[in-house]
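Sharing a structure here in structure tokens format.
Chain nomenclature is as follows: A, B and C, assigned in order of appearance, with residue numbering initiated at 1 for each chain independently.
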Amino acid sequence: MSPEVLVFDILAVLAVISGIGVVVARNPVHSAVALVVTFVNLAGIFVMLRAEFLGVVQIIVYTGAILVLVLFVIMLVDPDDLPEFHAGRPLQRVFGLLIGLMLLGEVAAAVLTRTAVGQTGPWTADEVERAGGNVQVLGQFLYSGYVLPIQAIAVVLLVGTIGALVLARPDEAPSRQRQKVTSTISLGHPRGADGQFLEPLPLPSGATASTRVIKREDMRGGIVVTKDADAYTRQPAWQVEYGPESTRTPRQSDGSGTSGTGAAPREG
Amino acid sequence: MVENSQPLWISFIVGFIVLNVLLVGMAYMTWAERKVIALMQDRIGPNRTGPFGLLQPIADGVKLLGKEDLIPKFADKRIFVIAPLISFVTAPLAALVIPFGDTITIFGEEINLYVTDLNVGVLYMLAVASVGVYGIILGGYSSANRYSLLGGLRSAAQVISYEIVQGLSLVGVFILAGSMSLVQIVNDQRRTLELFDSGIGIPNWYIFYQPIGFIVFLIAAVAETNRAPFDLPEAETELISGFHTEYSGFRFSFYFLAEYINMIVISLLAATLFLGGIDGPIADGFWWLLIKASIFLFFYIWLRATLPRFRFDQLMGIAWKVLLPLVLLNVLITGFVRLAFNDQIF
Amino acid sequence: MQELSATHFLLLSAALFITGMMGVLTRRNVLVIFMSVELMINAVNVAFVGFAWEQNSMVGQTFALFIIAVAAAESILGLGIIMALSRRMDTVDVADVTQLRD
């Protein structure tokens, strides 16, 4: 058992176990973490196979970018676990396992009895060393024979970026008709410096203490302030009145919300 | 694969020494930061614990160890435990490829003063920093706290944006050196350059060739390590300390110390890539690397003491709208100049 | 199997691929399906790099590099679709996305 086989065995077993963890985990975040572990092990295997550049590119691109994006989407989108095949349907799980093992057996049979075909290339370890290393050789190889696929990949990535921007754009705000909007702010019952209750300020003209919706003929800048205690206690903190053209109904909340500064809710 | 010229156990010992030096350096980096910021703010800083407050990091460590280890009730326990470890473990891993000196001979054994010389050394450091993002995201997620999640996502978005800028700012260095291996980059910078045939020799440091790349790398490095002025996601006055809100005691110290180790490693990297690393006028050696790294560390502390924070959208705007085009322009110009003056100056 | 040979890598690649395939076929959470697809892509990468190593060629590594790049682009778009889907339907369960069927 050469040390290479030992290292490969450890990395491979860990990768497969984490791969199974990806599929089996209930929580998608656990799946993503298991996938990170798989990718790191695979990067180790790549380095062992004299593909160092590919190994670090795998970590930078796959774990460092794609899986981070997946984690972002999981956290922004997925509220909780779904009752999936973990909750019930054990027959499906067993069948899945059996079919998977059968397929694995078939592929193993094919692999173990294969004969290598194809020409061997020139890049043995010494050749690569002499040419300066994996990166140099890969660079020469890529940019002498594969320039067109590189340009194509650039276009693909550009299309992907633009597509992502388009897909993730927030929904456009529905166009609203122009409407008159009134906001009223109710401040609390006025208190003096020592906390004593003061005389309520007079209501602006046109407003009555018991009205829930305060009309305004004398609005200053669109805000009417009422400082009457009675008007306050039944008054919602924010109240928006829409103009007659709109189809929305004015929202009215209960008067028990807090409002303004110095609010002293009077009712329980 | 490249056969390392030294036997494995020597690499282990060198690695062990490097790790210990990093840890001690990180502890005293906290002291240095407090002292320097204090002096900049016209105060004194820690001066009670030991002479000049030199035992302050030890006191901090003891305090953090003694705190209660709280795990929130609805937190995802496994991930809560793993997340700070990811940050803390990946932070010193990047220092494995930095050359701390030439090959020395002790007891007849040739010892390279670096742990390993990867063919893709600088990319390896970037890769390890990419994995460190998971410490932030998973920490924010597993805390079962809305603000932690938001802080973690923001911080991760910041880090991955500036990772791109940082990586691209180093492409100019790769073009100049023709290699990604740190040992080769340092060796290339040790050549002395004749300055217009006047007999004055200046070292072939890449900072002279890559001013834009250097400045962009510094800015991106400060943003990568979540340091001021880019530390909005973890500032105490903002998102209640962001992703490490729920961590206390030693777990918090993992994040805290990981940040400092990141700072030290990036300072070493900047010193190696742009200032020549161990190259010095009188004698090449480890002390020059230390001096140059200390300049960058001082620069970090100076920034923290001086500049106000960026808002998050300003932060991201800088990365994508200012630094990225600048760095792409840098790559373009460097490549063009290198091709045009092929092997005449360089 | 004393020496490392391509058989090892092909078996690993097959195991990962079949695991990913089972994930795609069985799970209902669209993000886990997506991650299983990534697992399958990586299994194929391992096979490519294994062959490149066995035959001392660079073509396998080149191909794997292109696969990584294309997988990155595909993942961007896939995640964009998933986000748009979740925003519309407020679910990430593929069993609920039945508009075309009904």
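Methods note: a residue touches a chain if its C-beta (ideal position, glycine included) is under 8 Å from a C-beta of that chain, and two chains touch if they have at least 3 such contacts.
Just so you know, these numbers come straight off a predicted model, no measurement behind them.
Shown here, the protein chains touch in a chain-like sequence that does not close on itself. When C-beta pairs in contact are tallied for each pair of chains, A-C comes out on top. Centre-to-centre, using mean CA coordinates, chain B is 33 Å away from chain C.
Chain A and chain B have centres, each the mean of its CA atoms, that are 28 Å apart. For the pair chain A and chain C, the distance between mean C-alpha positions equals 20 Å. Counting only residues that touch two or more partner chains, chain A has 50, 53, 57, 65, 76. Every residue of chain A that touches chain B in the complex is listed here, in rising order: 27, 29-30, 33, 36, 40, 43, 47-48, 50, 52-53, 56-57, 59-60, 63-65, 68, 71-72, 75-76, 125, 129, 132-136. Per the touch definition, chain C reaches chain A in the complex via residues 1-4, 6-12, 14-16, 18-23, 25-29, 31-32, 34-36, 38-39, 42, 45-46, 49-50, 52-59, 61-62, 64-66, 68-77, 79-84, 86-87, 92-93. Those residues of chain B whose C-beta lies close enough to touch chain A in the complex are 1-2, 76, 78-79, 82, 118-120, 123-124, 126-128, 130-131, 133-134, 137-138, 141, 149, 153, 156-157, 160, 163, 167, 178-181. Those residues of chain A whose C-beta lies close enough to touch chain C in the complex are 1-2, 4-5, 8, 12, 15-16, 19-20, 22-23, 25, 28, 31-32, 35, 38-39, 42, 45-46, 49-51, 53-54, 57-58, 61-62, 65-66, 69-70, 73-74, 76-78, 82, 84-85, 92-93, 96, 99-100, 103-104, 107-108, 111-112, 114, 116, 118-124, 127, 137-138, 141-142, 146, 149, 153, 156-157, 159-161, 163-164, 166-168, 171.
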